[in-house]
Amino acid sequence: MSDHHTYKKIEVVGSSRESTDDAIRNAIRQTAKSVDNLEWFEVVESRGHVVDGDIGHFQVVLKLGFRIEGS
Amino acid sequence: MSDHHTYKKIEVVGSSRESTDDAIRNAIRQTAKSVDNLEWFEVVESRGHVVDGDIGHFQVVLKLGFRIEGS
Amino acid sequence: MSDHHTYKKIEVVGSSRESTDDAIRNAIRQTAKSVDNLEWFEVVESRGHVVDGDIGHFQVVLKLGFRIEGS
Amino acid sequence: MSDHHTYKKIEVVGSSRESTDDAIRNAIRQTAKSVDNLEWFEVVESRGHVVDGDIGHFQVVLKLGFRIEGS
Amino acid sequence: MSDHHTYKKIEVVGSSRESTDDAIRNAIRQTAKSVDNLEWFEVVESRGHVVDGDIGHFQVVLKLGFRIEGS
Amino acid sequence: MSDHHTYKKIEVVGSSRESTDDAIRNAIRQTAKSVDNLEWFEVVESRGHVVDGDIGHFQVVLKLGFRIEGS
Amino acid sequence: MSDHHTYKKIEVVGSSRESTDDAIRNAIRQTAKSVDNLEWFEVVESRGHVVDGDIGHFQVVLKLGFRIEGS
Amino acid sequence: MSDHHTYKKIEVVGSSRESTDDAIRNAIRQTAKSVDNLEWFEVVESRGHVVDGDIGHFQVVLKLGFRIEGS
Amino acid sequence: MSDHHTYKKIEVVGSSRESTDDAIRNAIRQTAKSVDNLEWFEVVESRGHVVDGDIGHFQVVLKLGFRIEGS
Amino acid sequence: MSDHHTYKKIEVVGSSRESTDDAIRNAIRQTAKSVDNLEWFEVVESRGHVVDGDIGHFQVVLKLGFRIEGS
Amino acid sequence: MSDHHTYKKIEVVGSSRESTDDAIRNAIRQTAKSVDNLEWFEVVESRGHVVDGDIGHFQVVLKLGFRIEGS
Amino acid sequence: MSDHHTYKKIEVVGSSRESTDDAIRNAIRQTAKSVDNLEWFEVVESRGHVVDGDIGHFQVVLKLGFRIEGS
């Protein structure tokens, strides 16, 4: 077994009508459907849409890190 | 009708005793009283006051974008 | 009495299973046990662990400012 | 007459189907309809929409500087 | 149908002998051959080669955002 | 009365033949003629003109924050 | 043959008990097992674990660029 | 004697009614009361309060470096 | 012959009434009159003058890299 | 036992005549003499002295993170 | 006569026992002894030495721009 | 003798097949052939070429500071 690992980081954007944290959660759950071994997230940017003078959607840009299989 | 639009971005600071998201919401609702066509927000900075060893106020610095009338 | 104050800023990392705001709150409460006069916080970085394809912990890096005693 | 001037900087977003430079030009011409004494621009961000696998719109975020009347 | 979407951002570098905008266009068209639902681009860096004291190639580093299928 | 306030930040450029601090002061005094409730400033950039091998003008780019009336 | 190429950049994290350079090397070798045409790397971040008051692992975040096949 | 030293950097905020430089000086003098071996400062941020349309206080955020005793 | 090269980077500002790309081209051609072996450019900043509510000059700040003779 | 931890980050500068990695190691070992529970480091800045046209000392600015006792 | 100019920017560090502004002035005057056509300065970094718990020297890193002769 | 000095900073890129530190060393030694009084270096960027799935060259972008003669 290797004594060192290699990770990959991908950038995704999650959204939610509810909250910033929920936008993070949605991005992670959606990504986890096709990517294994997700280990951490980093918030890169936090933004959103305004509709009728109020928050329409929260949007959060994340980096997600996962271990490369076999590394 | 023009096939391109022009937007303006302004910078505001919202605050809330409740949450980061509520500070965003307060800034947007307050700005919407005097600015039409708000379309998006970008979080620039997130900070706050500490009172008696606990969070007093959340403060969020936002950029707010809106379409310039007639553009 | 002096007509000017001096402040110190320290950097801490709070965590929470619940929310980003709760991670901020935990860091402030824990720091307040040993540091007096905390006056403000600034969010430097927001990140966290992913466990089983969902958020495990929110982690928030903060700067905390406090007035230096006697200044 | 004063021996020093004061300027204000505002942030606008121009767009164009044609080119990056045209998006800059559109933002300046539109702003000049309501703001006098525009003196310089700074490109803050360059981006755009993709439509059917090709560029739909170029969008350029600019800062525009103008001298405050009477300063 | 979901009330929120998830997007992925990838980073590509386009080049062109003609212009900065053409380098952007080349990167988008090439990427669109294998990636569906491209929605926006962000210019990250603009650079190029110099050959014989003149511009040889423009090179533009872009982030490209697309909606994740099924999200 | 509201338990939270909303602030706006504007960006101005002050200049002075005398000093950096005087350029800040000039920008604030000029802005205060038309904007009420100015509460803080942040130095964004410090620069100037050179004339005959010496400093001609100091120029300071500032953000100025003020409370929105009625918030 | 095309007179311009398109490249993709991916972000990976390599680690090593030995050195910063070895962490870079491990990330490149591991990535090269599944990605062809790797042409350059850019160090984004350098960090690591501390174990018993000494360096446990060096970790280096890299961007890796490769030419897209057929471009 | 060791052929290499270790330094620590701390972050402080000085203020002054007089000038930017005086705010730096106040922070250094105040810190020197409790920290030995201060060797250098770096200005991180320059800001201040506005009172009645004029500068109330200058505030300067500094990093201060000092040699760790015995290193 | 050495198996490694050393390069120098210089910073120049080009301008043009025509376009951003032309401002880059002007800076490179002008610099090439006195500097040999120019190999690449990096756009650092893009800005310009506004005259009568329209673009007067595009100005582009570039870094230019060249191989040091004999390295 | 708490289900969340709080960490503190401090900034130190290590130096070495030998290598960048050795400067990191020296800073960590020196800090570990007085700080328990060091868990990770982040390289903030890498620099050094030049003596007689060659490297005199490598200097590395690090952030060091440790768990706060009892958290 | 050309309708466009090319400028070069160089980076210098000035110092002074007196003030930040004086450090800027010293750097400009010293540079003007060997460089013609200096037109503007930009402050990049402001720092200094601490001696006996007080400011020893102010040091300011500047970019200085000048028109290239014949452009 | 003057009680203050002026320094100039130049930007160079060193390379090496061996290591990051060796690329720094090569850049300094090559520059020292034509520039006197080099006093310090700052690493700006660390990157390199990949050849056959392994590191071909390390490349390090440095700023080098030297005292201006007579200052």
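When the chains are written out, they are named A, B, C, D, E, F, G, H, I, J, K and L in that same order, and each has its own residue count from 1.
Rule of thumb we're sticking to: a contact is a pair of C-beta atoms (placed from the backbone, for glycine too) under 8 Å apart; a residue touches a chain by one contact, two chains touch by 3 or more.
None of the values given here were measured: they were computed from a predicted structure.
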{"item": "Labels of chains that are neighbours to chain B and to chain L", "value": "none"}
{"item": "Selected pair, out of G-J, E-G or A-B, that shares over half of its residue contact pairs with C-J", "value": "E-G"}
{"item": "Chain centre separation in whole Å, for chain I relative to chain H (CA means)", "value": "38"}
{"item": "Centre distance in Å when chain C and chain G are each reduced to the mean of their C-alpha atoms", "value": "33"}
{"item": "Contacts with two or more other chains, residues of chain F listed in rising order", "value": "10-11, 20"}
{"item": "Touch relationships between chains, expressed as pairs", "value": "A-B, A-C, A-E, A-G, B-C, B-D, B-F, C-H, C-J, D-E, D-F, D-I, E-G, E-I, F-H, F-K, G-J, G-L, H-J, H-K, I-K, I-L, J-L, K-L"}
{"item": "In the complex with chain K, residue positions of chain F that touch it", "value": "19-20, 45-50, 53-55, 58"}
{"item": "Chain J-touching residues of chain H, taken from the complex the two chains share", "value": "3-11, 63, 65, 68, 71"}
{"item": "In the complex, chain E residues that touch chain G", "value": "10-17, 23, 26-27, 30-31, 57, 61"}
{"item": "Chain I-touching residues of chain D, taken from the complex the two chains share", "value": "20-21, 24-25, 28-29, 32-33, 38-43, 46, 64"}
